[in-house]
Amino acid sequence: MAVTRPVPGRLARWAGAAPVPVHVAVGHGGDPVLAQLRADRRVEVVATPRHATVLVVAGHVPEAARTALHATHDQVRAPRATVVVGVEGTMVGIPHAVSVPRTGLVDGLVAVQHDLLAGDRDDPSIGPDDNPVAWQGVGPHGQGGEGMMGGVPWGRPMAMPPVEGRDGLALDRLALRLGPFLAGLPPLLVVDVGLQGDVVEEVAVEPVPADEPPGSMGTDGEDRPSVVITELVALAELLALVGLAGMAVRVARLATGPVTPGDVAGLRRRLDRPLGLRTATDGVGRLDLSGRAGDITARWRAWLDRAAAAAAGDRVPPTGTLDLDALAHELLGMELGAALLSLASLRPQLAAATALPAVAA
Amino acid sequence: MIEVAGAAHPVVGALVVVAVLALGAMAVAVTESVVTAHVAGSPLGSAWSRPWRRAALVLARPQPVTERPDTLLWVLAPAAYVGMAALGLTVLPLGTVWAVADVRTGIVVLGSAEVLAMVAVFLHGWAPNSPLPLVAGYRFVAAGLSFLLLSIFVLIAAALPAESMSFGRIVASQEDGAWNVLRQPLGLPLFLVVALAVSLHGPLDVADAGELAGGTTAEVSGPARLAWGFARRAMLTTYAVATAVVFLAGPAGPLLPGWAWLAVKSLAVVVVLVWIGQRTARVPVERFVRVAWTVLLPLSFLHLAIAGVVTLA
Amino acid sequence: MTGTWVDIAFGVFAVAAAWFGWRVFVTDSMVRATFSLLASFLNVGAILVLLLAEYLGVAMFFMMGVEMTVMAIYMVAFMMNPAGLNPMQMVHQPRVAVVVGVLSTAGFGAVALAADLDTVAIVDPDGTIRALGHELMGSSMLVMQVVGVTLVATMVGAVVLSAASGRFGPADVGSVPPAIVPGDDTTRPGVDVGGDGGGHDHDHGHGGGAHGHDDGGDA
Amino acid sequence: MTVVTVLLVAAVLLGIGTWGVLSQQSFVMIMMGFELAINGVMLAAGALWRFTSGGEPRGQVLVVVAMLVMAVEAAIGFALVVAVSRARRADTTEGIAELRR
Amino acid sequence: MAQSMLGAFLAVATATVVAATAVAGVALWRRPVDPTAVAWSATLPWLGGHEPETHAWNRFHARYYPMTLVLLAFEMEMMFMYPWAVVFAELGTKALVEMAVFLALLSLGVVYLWREGGLAWQ
């Protein structure tokens, strides 16, 4: 029962002209759509569905990630709307989704936002309206809890029992499944994290299992995005994560148009200076995976090299896939932010790992 | 009866403070939009009106709800954060002789406004009962406790030549002598670090970090999100005015009236801070805590020594 | 600011300080308890400003803000049910505590009422901060330096006790607590002879049983 | 607002602090009680400085020293809580019953 | 217009309270206080698509606790530096030397904290 009241007229007029805040759920081959949305001035890609009015489903979302997609859809605050790029909404299990081709995507989004503000559109939430765990009226105090730490207070248990951390203090450990649609995480990657404070004490990295692609699903007939787009979208996502919104838009705009080696060289000149992107990436996320040791700076420099080579037209070897268990072992002991940045810095390799089996030629 | 240099009627003072914070927050929002558009290489035309349209849309969106939040603290956080920005602004001289309340212990009031603002940001991270904002709130406390000492040392160094802790006397001490930006060189960079960190802007925005899905604002939407955005920009306004007062002799200057000079200098500081924000990526928290304690703190000791020697010479 | 306004303000701040002080021990959520203690301190700071000790009042805002933030971190880390999702019942000997509390209030109150203190007006209200400065740099300089040494000792002690590992490796590796009865190994703390375990901790402490010697080894 | 009324308020704070110290089981809550008691002491010292000392700066130094006592007590107290929690996994007074042996 | 110190602080308090209540009003406008007023699936914390097993509120293991303890002690120094700043110009080098000794003493504690690795995440 979404609580929506039509927005007062004058506010609606002003709000209508605002850039559409969009949360992008990226599936297989969704990178070109993500670049297109980030490059366009009439759209603002936001970090969490709470800040968004429209959920955009880009690329092919396999069956295994459907429940997570429905949960993400519900967490966009009502009145909400969903736009699926290039495929029927019902294919993704969201009944009221609007299917928009990639060409007129941004105009479709602006139109959807106008409907939302006028009160003509509001997708109902898919998930249950009430907490399946019965907690109201349960237990001595009627909130489902018992004793000091036990029971299901307000429908959810408390983090128990305490576990000994690496510094000998036995405190609570939060077991979190950071889902496939967290902003900046490589597409369709689930990270099972055991957090003590903000240090990762347990971690497992699992890609969402891909199902075989029925027919011409995915990015309306285009094959795997070219190397340049994959590298530049990874760079744009990393820039957005570390707070350089302007540079992220510039890189995304580069990724949507034709790319010349000169452009990439100009980009490197802008980024590769001491007090720029390197403030967040120098010496952070130091991983040595299958012989290639380096921090996040080394990896985004490698992206720029590969993008320059691909722009110059010569053959670029496909990125080797990763041993995810070795990666998980490397992430142990990192701070949560550094771990998420490290995963974002492995986007091309991890995209290859979760790629559609048939297409990963 | 302890005499206080400049002081206004409480109601007049409150209206002036709210007006200055509102104007300042709008100026910061427009500067951010224009600088982001410039860095992104897009046309600057629509960048000027983009913040108002964005604010209207955010205001039109529904308010945040989570499963079991601490709603009292969740509402108290933006209110306390703006209250502390206002508290800091009241003790700063806004005109040549005019200030809302130029009390004798001005720099201690600004210091306590900063500390209680840190408490407000921690509450904003704690209240939603959601993992990512909780981690962001704790990260900010680590950074907040580290840059706190820098701001106190810099303000005390500015109080040495003025022989008083009131900001009005600090401006007076700069009028006859040289401006503090010249005779106390290390002060401005250290105070810019504090200004960025306390107002969650640019490279020191550890509380609303993008990598934690928006940090403490991961669960916030609607008018509450507008209130938090306004609070951050109001705090940046207060610290821009404080930087102008402490280092650029605030309202002092030829020809133009006092408040005009203060507006020009504060806007310059805002542009510098926002420009740094769009060119430097976020500093990891562990590194910032280590650098603040092992590099910036000794630098502020040196800064204090220089200020002492210069005052005595 | 005429006298009556000061009295009204004092009354409001005094009642608020006492009420928040009481709330500290009755709220369930530890964060709310800590920041109601902060509110109590802020009200006492405001009373100090009314008492014309302006610097001390505002400095209390600053000091207690930091102290209560640190206290909130430790309250949430070391208290069960930190967010008060279940009602808090961490109280023992409640009646004794109430009686002693009331007795101490009555005792100090009696002292306040019985003593006939002749009030003296402040000689130079404008110069109180300057006088404090001269005092600290002059005859109370010894107080300041002793405070400096105390603070260094506090810092070193706090780091020694709390840091997980120092220059010479983890704090609890290799160190074995001395036996309470010299020479009698079974009385070495941390060795659960009777297997009765700590009252509230949820599983055994470090390695139980008689092998106390390598007790710290498996930390 | 005379010296007697302010001292009475200080006495109330001291009483609440004492009640808090004696009634709570957890280490950190006991320290909250001490903090509240020292809060009352500081208020009493401020009142006596204002009304009976005629502006004598040593009165203010006494309040600063009381603040020092609170800071040192908090720092060493929390360090001990961490040390005991690391060694003994106990966070309440009952947890370290072995000392009574 | 010279005005008494208490009048000045009344102005400070009024401005702070007015600004705070204005923003509290905005933050409370049309806010559903009862979480059950909204669909339950919309109130789950955002983790990227999955539901958390436990409440987020836990005994949070802040990893920088030694730094906080040293700050508690180090911060007492500010209480002595503020009055020192007011009388510094009158007393000259005597005050400078005295504060230099005080600062040197306290920086020993910070050096010890850094040396023992207390600044890193424990």
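Which chain is which? They are A, B, C, D and E, in the order written, and residues in each are numbered from 1.
The working rule: a residue touches a chain if its C-beta (ideal position, glycine included) is under 8 Å from a C-beta of that chain, and two chains touch if they have at least 3 such contacts.
The shown structure was predicted, so the numbers you read here are calculated from the model rather than taken from an experiment.
Shared contact partners of chain A and chain E, listed by label, are B, C, D.
Between the contact lists of chain A and chain C, the overlap consists of B, D, E. Farthest from chain D in terms of Cα centroid separation is A. Chain E has its Cα centroid nearest to the centroid of all protein Cα atoms in the structure. Per-chain Cα centroids separate chain C from chain E by 17 Å. Each chain gets a centre from the mean of its Cα atoms; for chain D and chain E, those two points are 21 Å apart.
With each centre defined as the average position of its C-alpha atoms, the distance from chain B to chain D rounds to 33 Å.
Touching of two or more other chains is recorded for residues 1-3, 62, 64, 67-68, 103-105, 108-109, 111, 126, 129, 131, 138, 141, 145, 148, 165, 213, 218-219, 222, 286 of chain B. Contacts with at least two other chains are made by residues 6, 50, 52, 54-55, 59, 62-63, 66-67, 70, 73-74, 77-80, 83, 85, 90, 125, 129, 132, 134, 136, 147, 151, 154-155, 158-160, 162, 164-165, 171-172, 202-203 of chain C. Multi-chain contact residues, meaning those touching two or more other chains, occur in chain D at positions 64, 67-68, 71-72, 74-75, 78-79, 82, 85-86, 89. A list of each chain pair in contact follows: A-B, A-C, A-D, A-E, B-C, B-E, C-D, C-E, D-E. Partner chain D is touched in their complex by these residues of chain C: 6-7, 10, 14, 17-18, 21-22, 24-25, 33-34, 37, 40-41, 44, 47-48, 50-53, 55-56, 59-60, 63, 67, 70-71, 74-75, 78-80, 90-94, 96-98, 100-102, 104-105, 107-109, 111-113, 117-125, 128, 131-132, 134-136, 140, 143, 147, 150-151, 154-155, 157-162, 164, 171-172, 177, 180, 187, 189-190, 196, 198-203, 205-206. Of all the residues in chain C, the ones that touch chain E in their complex are 1, 6, 49-50, 52, 54-55, 59, 62-63, 66-67, 70, 73-74, 76-80, 82-83, 85, 129-130, 132-134, 136-137, 141, 144-145, 147-149, 151-152, 154-156, 158-160, 162-167. Touching chain B in their complex are the following residues of chain C: 29, 31-32, 35, 38, 52, 54-55, 58-59, 61-62, 65-66, 68-70, 72-73, 83, 85, 125-126, 129.
Within the complex formed with chain D, the residues of chain E that make contact are 65, 68-70, 72-73, 75-76, 79-80. If you check the complex, the residues on chain D that touch chain C are 1-29, 31-33, 35-36, 39, 42-44, 46-55, 57-58, 60-61, 63-65, 67-68, 70-72, 74-76, 78-83, 85-92, 94-99, 101.
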